[in-house]
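There are structures below to look over.
Here come two complexes built around chain A, the first alongside chain B, the second alongside chain C.
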Partner chain A sequence: MSNIVVDKSKVPWWVSNVIVPLVNLTLALLVSGLFVFIAGENPIEAVKLIIFGSFGYIQGFAYTLYYTTNFIFTGLAFAVAFHCRLFNIGGEGQAYIGGLGVFLVAINLSFLPVPIVWLLAIFGAFLFGAAWAYIPAYLQSKRGSHVVITTIMFNFIASSLMIYLLVDVIRDTNQMAPHTVKLPEAIWLPSFEAFSGILGIKIRYSPLNLTFLLAIASLFFVWFLVWKTKWGYEMRAVGHNTQAAIYAGISPHKNIIIAMCISGGLAGLLGVNEILGVSHKIQAGFPAGYGFTGIAVALMGRNHPIGILPAAFLFGILYQGGSEVTFEMPNITRYMFVAVQGLIILFSGALENLFRPQIESFFVRRLNREVNA
Partner chain B sequence: MEFLSDIASLINSTLRISTPLVFAAMAGIFAERSGVIDFSLEGKMLMAAFVAAVGSYYLGNPWLGLLLAIIACVCLSMLHGFASVTHKGDQVVSCVAINILIIGLTTALAAAWFGQAGLTPTLNEDQRFLEIHLPFAEALRDIPIIGTLYSDILSGHYVFVYLAYLSVPIVFWIVFKTSFGLRLRAVGENPSAVDTAGINVFAMRYKALAVNGVLIAFAGAHLSTAVNANFFREMSAGRGYLALAAMIFGKWHPKTALIACLLFGFTDALQIRLQGVELPAIGEIPVQLIQALPYILTVVLLAGFVGKAIAPNAIGQPYIKER
Partner chain C sequence: MVSPILELSNINKSFGHVHANKNINLQINKGTIHGIIGENGAGKSTLMSIVFGLYQANSGTIKINGKEINLKSPRDSIINGIGMVHQHFMLVENFTVLENIILGFEGETVFGEKLQKAKQDLEKLCQTYNFNIDLDATISDLSVGFRQRVEILKSLYRGAEILILDEPTGVLTPQEVDELFKILRALKEEGKTIVLITHKLIEIMDLTSEVSVMRQGEMVGHTKTEDTNKEQLAEMMVGRSVLLRVDKKEIKKGETIFQVNNLSVKDDLDVTRVKDVSLEIRSGEILGIAGVTGNGQTELLEALSGIRKVESGKIELFGEKISDQDNFLNPRMLKQKGLAHVPEDRQRMGLITDFKAHENLIFGYHDQEPFSKSSILNNREITEYSNKVMQEYDVRPNSPNLITSNFSGGNQQKIILSRELNENPKVLLVGQPTRGVDIGAIEFIHQRLIDMRDRGAAILLASVELDEILSLSDRIIVMFDGKIVGEKENKNVTERELGLLMAGVA
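Up next is the complex of A and B:
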């Protein structure tokens, strides 16, 4: 037990928001290195491969940014709900259903002018994701069913529902595999290859597409919504102290519902990147764990857009560099990176106070000494 | 008679399928009664399944595998305690971290060591638990009713099935009839009062988490060294969450939690039977809907259409000793 008492007001912002998270991240990565060692590979070599895979060549870097796009959406999704003290673990299912929204809008309205189809498809993704989050939100608010369990259950249910739809309802009947037909090429979101041609860079293929800009816009959207609007203030008040919020005339029910719906909607936007931008069809299991990774991204980024952007980028590096590692090192599978996520959640979420008092008091003492000197 | 034997086999599979849920729900009762949220039942069950399978593969004895699984799960429980009791971290975040860490770590290590896409090697008969046939089960089989009850329902289960149902009255006795149980519940309801009475709140919560780790290990070992003969990726398949829902539905009480677990087990046993069956008036139900039934049931039960659940008062709050 640490008995260090630190005067919070004397701690510089960069100590608690930059130094402490970096120390926690370092710890998580050190333990990850140990796991890589246990699996029978050299952790230093793995780091080299990760850096080469994610930065070493232009296509790799494009992949890094493509993953970053997904993690921005799912990270923001978790963060918005978290400010209302709601643990939305259902990003995976909401993204899955959001993908259905994109596809249904795009395939049925593809005759409209292209930018309008895009806007409507984005709206469809948001709406479907929000709808899937609405039921757990309602049950949490009205019936007190813990949102962690219900959102997890809704992940399982979403998966069953989508498999059913992909096998029996919207499957491309010319194919055996459970996926839909491709969307018409005219409405695909322009990919990075198209732009790189203009810039004079030649690459064969990259999944990076225009959705990246949508992700950046979402960062601003969330920042504005949560910190600059009355609703955002009310929502944080409910999250911080529900009783006080009720006393101030704020409805917890309304705020829980809105927070979860925006959260689900943001997770749904992952469908825009995956379906309108990359594969142009719904494939079984396309959210591939991005929803869960969002939890780690948000906790590492301290649930703030300014932190989520670098955290999402870091996970982009881990994913893209990680695929390089799994390619080169037979003993490492992509599940190793799932474990790394778990460690990052552990050290930057649950154990965030492990060294915080020591680090903060260290800096406060040093700064005091400078003032006195 | 065929109808009767159908019922018997349905009850038999209900008992078997409910077993990991019962262990997990009992484990959950210890943690949550002491005021510590435990969503990490899922991860711990998976860890136990992995360690038990690997342990008995190398050591040649399923009991040694179980022992290792117990050690691993108690360690995970202690990690949860270290984060959420000692360092007052967020309990739900700690659980989510453990779950994701274990999903990744078990599959990654299984793939690294055995290379078979996250599968551990199949255990032979010496390395796994076998069904126990109660004495005279064969001789009594032909006696009507008693024979069915004894030979088809009670006999022929894995040791874990009997242990699970035995654990329920024991847990009930510990939690409600002993002074340890009284302190446990008090720590979960009003930790400062317990502290005033001179009982160490932190130590009580760690003890509760240790018991929790032991119990959940049985659930995992049942999955990988009894009903299955190896570990495979994400083999716990949400059972930790189902058990937690059963426990909440059972109002943190062993007897009612047991009933909820049996209900889940029954739904699961029924869903296996319903696949591909044409129902009158409805026709064939899509297999995906049937598979999703336990999860839908969880949501329905949690929505408390049968009464609202009241959690232990101090649940989820780290205890801060006043200076």
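Up next is the complex of A and C:
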């Protein structure tokens, strides 16, 4: 057991918010490198492939940003709920149902002017995601059922519900696979190819689309909501000290529900990227784990939009670079990168305080020496 | 000349911009009870945490028995014979006394012979100092006074020669305080050295042989206790002369503005804690509620301030019903009607200690102009306001962006007070306004309450400090077992009279 007590007020912000996460990340990558080595491949080559795959050519970089978009949504979703001290691990299910919202709005209102369809579809995604989060929120606030349990159950329920819908209700009946018909092409969100054409770059295909800007806007939205509005203030108050919130006349019930609904809504926006932007139809299992990885993104980003952006980008790099590696190195499977993600979660989340005291006290002593000298 | 057992020279310690200890020199002689007194935030606890190895000083040396030592952690201090009893006890609730004492000290004593040996040693210690503790009792069954004894015993068992006690009497009843003092005197007789950190002058005069005074991070004086008196010490603590008694004008009673009829309230465990209480408060008067903690004052205040549901009866403000068994207005609505509440437990209820000071200064008023407009917080207004009130209420340090838990108890209380008094409430409910607050701040807080009264507010003051009730109240009611057992005008009431009522015997 370490007995190091660090005077927190002396730790510069960049040590606790930049250096410590970087150290944890490096450790996770080192251990991952070891795995790669054991699997019989050269870790240095793997790193080169990751970097080339995610930055080396324009299409690869576009893929990286496309993944980043999804992680921003699910990372923000987790962070918002967490500021009310709610552990929303139901991002996966909320994103799934959010996708249903996008599709239903877009397909039924496709006769409207295109930008209006987009806006309504975004709204639909948010609303459906929020509605799916509302039920666990209600159960938490009124009945005390813990959201960790209920949200994870709601992931399974969402999955079953969507399978049912995709098989029996909204399946494209011209074929047998569990997915819907495609949306009319007119209302697809413009993808990066279209823009790159204007810039004179020619690429074959990229999933990156206008939703990326929506993700950036969401970062601002969350920052503004949590720190600049009375709602954010009340959510944080309930999260930090429920007793005090009651004393000040702030309703814990109301704020638990608001925080969870905004959280679920943000997760739902993932559907905009996937359905309006990329596949243009609902496919079974499209959230593909983004909801869970969002937890790691938020933890790594310390639940702040400024941290979530680079964390989401990092996971984007891993996803894109990782698929490049699995393609080039036969001994490395897709699951290896699930393990790498797991290691990052382990080091930046669960073992976050493993080295924090040592690093912080090192810098505190170091800086003091400079001051005293 | 006795040689000092503990000698500190030129100790410096800063937290961020706050210089908590400035060039502290201190000598503590063997076999004495040495008092360290100072306002909250004066740096006493910081200094002792350095001695106990919890913090490391930025500079300065610590000598024990003339030998310079380097204390990197509490373990080093324990090895060097220093023990500390914290304000908040560090005990495992569902372990026995014995288990708590040997916990972490000797890994192998949990079973067998060594355990028996430890038990015998402890029993001997208990006898020597008359501790009267059952070593096999579970901590959760013990009262606060006994838990404190376990802490002391733990330190002694680990070989403490110097025992540091941080505000030991804050949580004790008067009888428990007497018992504690007996134990401390016995320890002194046996040659142990005791360092007593406190802000209560009576304890210093009662117990210590030497006293050191701290003010704003500096050591402002050392003296033998017999050469000084309470007034002089108080003056040294706050740096000016202090009125230990409150000056207050003749009462100008107005009409009744707050009325409670036949109120009953249940607690969270569904036990009726307030039984059929009726009271009224007039404009311009302070109604004091005296009583031993846990006789329903907490639940009464919570019901009156809209936090807790009323079981039966009703509450009226300006003749308008605000609460009965069917519905109650929530605290924010009550605030808008001019009812403010300074809660008993400032850290559990009055503040969000993880928030910055300016966020706490608007807590509960955050959705009103000018702090927020159409739900968006106006940071410029909030900062401007925070700077203003923190100056006005002398909150130290005057930094609105500091996290609230970094302020001392007294300054935290001032943050709450400034927030609740600023709107000029018509009715003010106050619980334990000066618990854990230093003398300088007590005087300030009392004066603010008197000012509110003179401006015509109706004030309900619940306090376990009889002194406070007697010096502030115009009228006193005594609560026992949830009922009002006595009501007196505050003229020629004696502490004895109230004490008997509080004990439920009169």
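Methods note: the second predicted complex is superposed on the first by the 370 of 373 C-alpha atoms of A that agree within 3 Å, B and C clash if a C-alpha of one lies under 4 Å from a C-alpha of the other, contacts with A are read in each partner's own complex, and residues count from 1 in each chain.
Rule of thumb we're sticking to: contacts are C-beta pairs under 8 Å (C-beta built on N, C-alpha and C of every residue); 3 or more make two chains touch, one makes a residue touch a chain.
The structure presented is a predicted model; accordingly, all values stated were derived computationally and were not measured.
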Touching partner for A:194 - first (chain B), second (chain C), both, neither: neither
First, second, both or neither for A:244, with chain B first and chain C second: second
Which of chain B and chain C A:119 touches, first, second, both or neither: neither
First (chain B), second (chain C), both or neither touched by A:38: first
Greater chain A contact set [chain C / chain B]: B
Intersection of the chain A residues that touch chain B with those that touch chain C: none
Sites on chain B touched by chain A in the complex: 39, 79, 82-84, 86-94, 96-105, 107-109, 111-113, 115, 118, 233, 238, 241, 244-245, 248, 286, 288-289, 291-292, 295-296, 298-299, 302-304, 308-309
Complex interface listing, chain A residues touching chain C: 3-5, 7, 9-10, 228-231, 233-234, 236-237, 240-241, 243-251, 368, 372
Sites on chain C touched by chain A in the complex: 14-16, 18, 54-55, 58-59, 72-75, 305-307, 330-335, 341, 343, 348-355, 359, 363-364, 366-367, 372, 375-377, 379, 403, 406
Parts of chain A lying in touch with chain B, wherever the complex brings them together: 1, 35, 38-41, 87, 89, 135, 139, 143-146, 148-150, 152-154, 156-157, 160-161, 163-164, 167-168, 292, 295-296, 299, 330-333, 335-343, 345-346, 349-354
